[in-house]
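Chain lettering (A, B, C and D) follows the sequence in which the chains are written, and residue indices restart at 1 in each chain.
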Amino acid sequence: MPASPLRVAIVGATGYSGVELVRRLARHPGAIVTGAYGSSASEAPRRLPGLARIWDGEVQPFDAGRVAHENDAAMLALPERAAAEIAPALLAAGLRVIDLSGAFRLRDEGARARWYPATGALPEGTVYGLAERDSAAIAGARLVSCPGCYPTAALLALGPLADAGLLAGDVIVDAKSGISGAGKAPSDRTHFSENHGSVAAYGVFTHRHTAEIEQELRHAVTFVPHLVPLDRGILETIYVRVPGGTTAADVASAFESAYAEAPFVRLTGTALPEIKHVAYTNFCDIGWVLDEAGGRLVVIACLDNLVKGAAGQAIQNFNVAFGLDERAGLL
Amino acid sequence: MPASPLRVAIVGATGYSGVELVRRLARHPGAIVTGAYGSSASEAPRRLPGLARIWDGEVQPFDAGRVAHENDAAMLALPERAAAEIAPALLAAGLRVIDLSGAFRLRDEGARARWYPATGALPEGTVYGLAERDSAAIAGARLVSCPGCYPTAALLALGPLADAGLLAGDVIVDAKSGISGAGKAPSDRTHFSENHGSVAAYGVFTHRHTAEIEQELRHAVTFVPHLVPLDRGILETIYVRVPGGTTAADVASAFESAYAEAPFVRLTGTALPEIKHVAYTNFCDIGWVLDEAGGRLVVIACLDNLVKGAAGQAIQNFNVAFGLDERAGLL
Amino acid sequence: MPASPLRVAIVGATGYSGVELVRRLARHPGAIVTGAYGSSASEAPRRLPGLARIWDGEVQPFDAGRVAHENDAAMLALPERAAAEIAPALLAAGLRVIDLSGAFRLRDEGARARWYPATGALPEGTVYGLAERDSAAIAGARLVSCPGCYPTAALLALGPLADAGLLAGDVIVDAKSGISGAGKAPSDRTHFSENHGSVAAYGVFTHRHTAEIEQELRHAVTFVPHLVPLDRGILETIYVRVPGGTTAADVASAFESAYAEAPFVRLTGTALPEIKHVAYTNFCDIGWVLDEAGGRLVVIACLDNLVKGAAGQAIQNFNVAFGLDERAGLL
Amino acid sequence: MPASPLRVAIVGATGYSGVELVRRLARHPGAIVTGAYGSSASEAPRRLPGLARIWDGEVQPFDAGRVAHENDAAMLALPERAAAEIAPALLAAGLRVIDLSGAFRLRDEGARARWYPATGALPEGTVYGLAERDSAAIAGARLVSCPGCYPTAALLALGPLADAGLLAGDVIVDAKSGISGAGKAPSDRTHFSENHGSVAAYGVFTHRHTAEIEQELRHAVTFVPHLVPLDRGILETIYVRVPGGTTAADVASAFESAYAEAPFVRLTGTALPEIKHVAYTNFCDIGWVLDEAGGRLVVIACLDNLVKGAAGQAIQNFNVAFGLDERAGLL
């Protein structure tokens, strides 16, 4: 653990994930927030409503020079185009970068060109960072590309099953997300009246998180996201065909061995998890039910999309990257 | 009642109130919807999602000539500036106009200049039309200016008390509104995540509906609106000082005599009304509790802001204006 | 169409489905509500809040004799045990019975004994009544057992695919339901604070609607229901493997030919349906997306669980049973 | 500050406020939770869902002897009848008691007999404990009776105005509360479907929090609470007549001098507070708008009813009572 607090800048501090970063890093025992910045150099300075007494600073226009010179690390909570533009210079200045956008998640050039066309080549030292599965890589990384909110839950649920050889056929991920996942920009899609009392699927066969899940899982998935009328949280219902003869003990063992040391994954077994128990926390709760005779497995995973799905796991990655206690600032 | 159905155009058919007009007028036994139009001549034609099998037409770009020539009446569900511009030509062409905007509500020139600066002089034949209180005027009007959503509830609750001489001091109207009242345009204010799990007051001492309530009531009011996390509905809690000696019977009598013949006002007495019982209906429910010893009266009034507070009462006014059954198309 | 209105009793009128029956039958052009009854002979008479001016009667204690003698039909919105007890006597008295419970849905004795143990043998003349698929049987039935809310959406979505031979493998039904589906009885499960801001799966591999779907579909399904934080509505996301070579035109054709004459099924094609467009209506909206190359089909179906999923389809069945216009009382 | 952690028992740990106590005291730097107990000796042991990794203990049946012998303090989150029965013995055993119920709030015997009939005489050393106004008394108290959720907001908003002589006439408190304020017991009143999409007033002129507010304020108030469809939070809109000549500076000064040192009161001035900024925190946010010419003042105060309105302020009182940092365990 470093002798003195690490200096951190938060870039893109006014979006929902950015505010969560500020809220939590302001109390982080091993970090000092040297500044919070908007997404561009032209944004007027502003205070963050609701953060008085928690972090009383002002969000400043983005200033690449100041960010580069004053910090050990930068956390980027930006649209992917802005992240793709900003990250290389910060890396060149020697900062470690924790990026929350999708800009650097896909390793395959063709896939990246399709889903994140603003990104060019991946900077050297880029790793995909799901702390529970990639901690060694994160520890040595220059740029940690944090998983998307949907892939975080999907990979935490499916990764141990893939490792244990329990994915025997179609994998279907039916995801239900709160509206904050659609971002802070006002639109028809985020209007209160369009979502209250309603549920809607979107992006069927065309959501770019599919490519991300498949890259990490090395298994095809059918992924359908839905918007449900709540603010924070994702619950994924995952349908898996397991190999003949798979027992409940096999499934439990796959999860338990994977997460024996993971502070933020809670296994609930057949007592299925619910969003309300993970909202405002960095936990991902995972439960499951196996139909042994039929070879069908249903796994439920849930998390807070702004915490474990975004700002919380970014801080977790920051902790891992700098050798701090993985839980620092997150409890 | 007219021998043949009245021909009606709906202008501004894509907003929340406009869609409600289309939905209900499409089934109105005494009217034919000749066309539904957008707010301007440049809007592309579009279908209304969710209205298939109810009204299968297309919303057209606004065409003043067609509207003027094909109709007996026009219902305007427009921003006030557009209403102020469009109404005079339709009146000149002989149509009766039912306007849902605020453009023509205030009779005092100074007040109108302050709150609705786009409106010039009031067209001849303009009346303020709250059907339960102004039916005679509506029957003879050329332009019926429909009350705002908040004033509708406030005036239905306070009008009978004013008439009976029961307003003896400060009148406070604390209003709670669903988010559809803020309109369909996406904004920070209408974003799902800004409203879910929250309540906020706005427009304290500066909401233009105050002037409208005071105009009709001829009594000063303190009016504070709030946004609450639901889609449709307004509930107003109204605090009144009554004259010494006022009895529960006096209050009940004031309401009962006022609404003995009103099909859309339901008096609940001391069983207080709730939004859920009026949502999706044209009812305004009113209940009250009197503290006889203290001279304090609390009145609760609620309605669906898109129906009785907008499209429903506009149709009610249309019915009254043309001598149809007041309830036609509204049950 | 009968010359005089049919006399109908509503039994179990105080639950959510019962109130919907009263609300709609009170305005039905071909029926007269002779009385509304509670679930037992010992319930005190009571008015239904919110129904003033719509139906001003009082719900009476259940009185088998009066119901049997005064009516042509009885609509039962009862717990299944009560329905199983009450229905036979009403049938014996010559009434046609429209039952909304699960008591009479399963034809297989073993399945019925497992899921609905209060039911003995099925009365003669019992049919399972999904109007869009079973209208001929309904027309001749003595007892119409109305489908469950979840099976209604599932069968309307999957039935045409099964008929067209398009179900080639696993079928998964991921259902999201509003809380009114859990009934009116207060419980931990229906508490506001347990559902607000949350989503939860339940009944994985153990929900009795699975047996009902499989009975009618003659195909195995994996069915997982979830509670989502809204009041009314079900949206089902259905994952299907189609035979190799299946085209988008094949799928469209299966749906279009099935529902060419169905007044309450609206096909939205690839514009996916949302609960908000079917809430408070008797419509079931169905959309779909086919991945032709991958042979994967996602179908989305949604409806209002209290209307098309309960009271509305019961009235639709009543209309079909008595030869009335299928849409009477439902628009 | 004590040399070693204080030993604390939580009694009534399974209700909403009790769970909040457990969650926060488990991380309190100056306290050790020796045990969490149910409301009676007959409750079966149980784990708290969602608290895994935060507090992994089991809630035990209440055991007066153990609680008395193992602790320096007891926090009671019980129904008032249970609190009235349990508190005296714990006090007799030398524990300091922090009580969240209403049992000990009212000093006037007659008022107590009316609103809290289960309570007899107030134990010696009982104080009403609103930390921002009563810290000296709390420091010396044996039993701290924590304010009700509604009075907490009302008194924080009105206390400084009363002290400054700014209450010149009627005071009206219109309160909007989330449903968790109605407690965890399932009832018609807490059913999801009864609250979703609705707002309802209740307890007009008959809510017992009125007596509590008036006791502390020494001024009459009209208090009307409402249930709004959210889980956590109270927003109160308070209408005050101020003396002639009162200026905006007078009002600001009253608040600023009162709360210069208060860590949990945030003054927002004319930028009105919203529930979303205080949810899940121990803050009470207060804003206001003065109509100088009219002598009308509207004050808005909001807080999280389970934190600042219950568990949070109980911990704050615990901190003050034992001389700890007032903020310990609350940030």
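Note that in this section contacts are C-beta pairs under 8 Å (C-beta built on N, C-alpha and C of every residue); 3 or more make two chains touch, one makes a residue touch a chain.
As the structure is a computational prediction, the values presented were derived from the model and not from experiment.
Engineer: Using the touch rule from the top, work out which pair, A-C or C-D, shares more C-beta pairs.
Structural biologist: So, comparing the two chain pairs, more contacts are at A-C.
Engineer: Which chain's C-alpha centroid is most distant from that of chain C?
Structural biologist: Centroid comparison gives D as the farthest chain from chain C.
Engineer: I'd like the Å distance between the centres of chain C and chain D, where a centre is the mean of that chain's Cα atoms.
Structural biologist: Chain C and chain D have C-alpha centres separated by 46 Å.
Engineer: Measure off the straight-line distance from the CA centroid of chain B to the CA centroid of chain C, and report it in whole Å.
Structural biologist: The computed centroid separation for chain B versus chain C comes out at 36 Å.
Engineer: So what's the Cα centroid distance for chain A and chain C, whole Å?
Structural biologist: 40
Engineer: Please output the residue numbers of chain A that touch at least 2 other chains, ranges allowed.
Structural biologist: 178, 194, 196-197, 229-231, 276
Engineer: In the complex, go through chain D and note every residue touching chain C.
Structural biologist: 16, 178-180, 184, 186-188, 190-197, 229-231
Engineer: Under the stated contact criterion, what part of chain D meets chain B in this complex?
Structural biologist: 169-170, 172, 174, 176, 178, 194, 196-202, 204-205, 222, 224, 226, 228-233, 235, 237, 239, 241, 272, 274-276, 279, 289, 291, 296, 298, 300, 302
Engineer: Which part of chain D faces chain A closely enough to touch in the complex?
Structural biologist: Against chain A, the touching part of chain D is residues 27, 49-50, 52-54, 196-197, 263, 266, 271, 276-278, 280, 283, 331.
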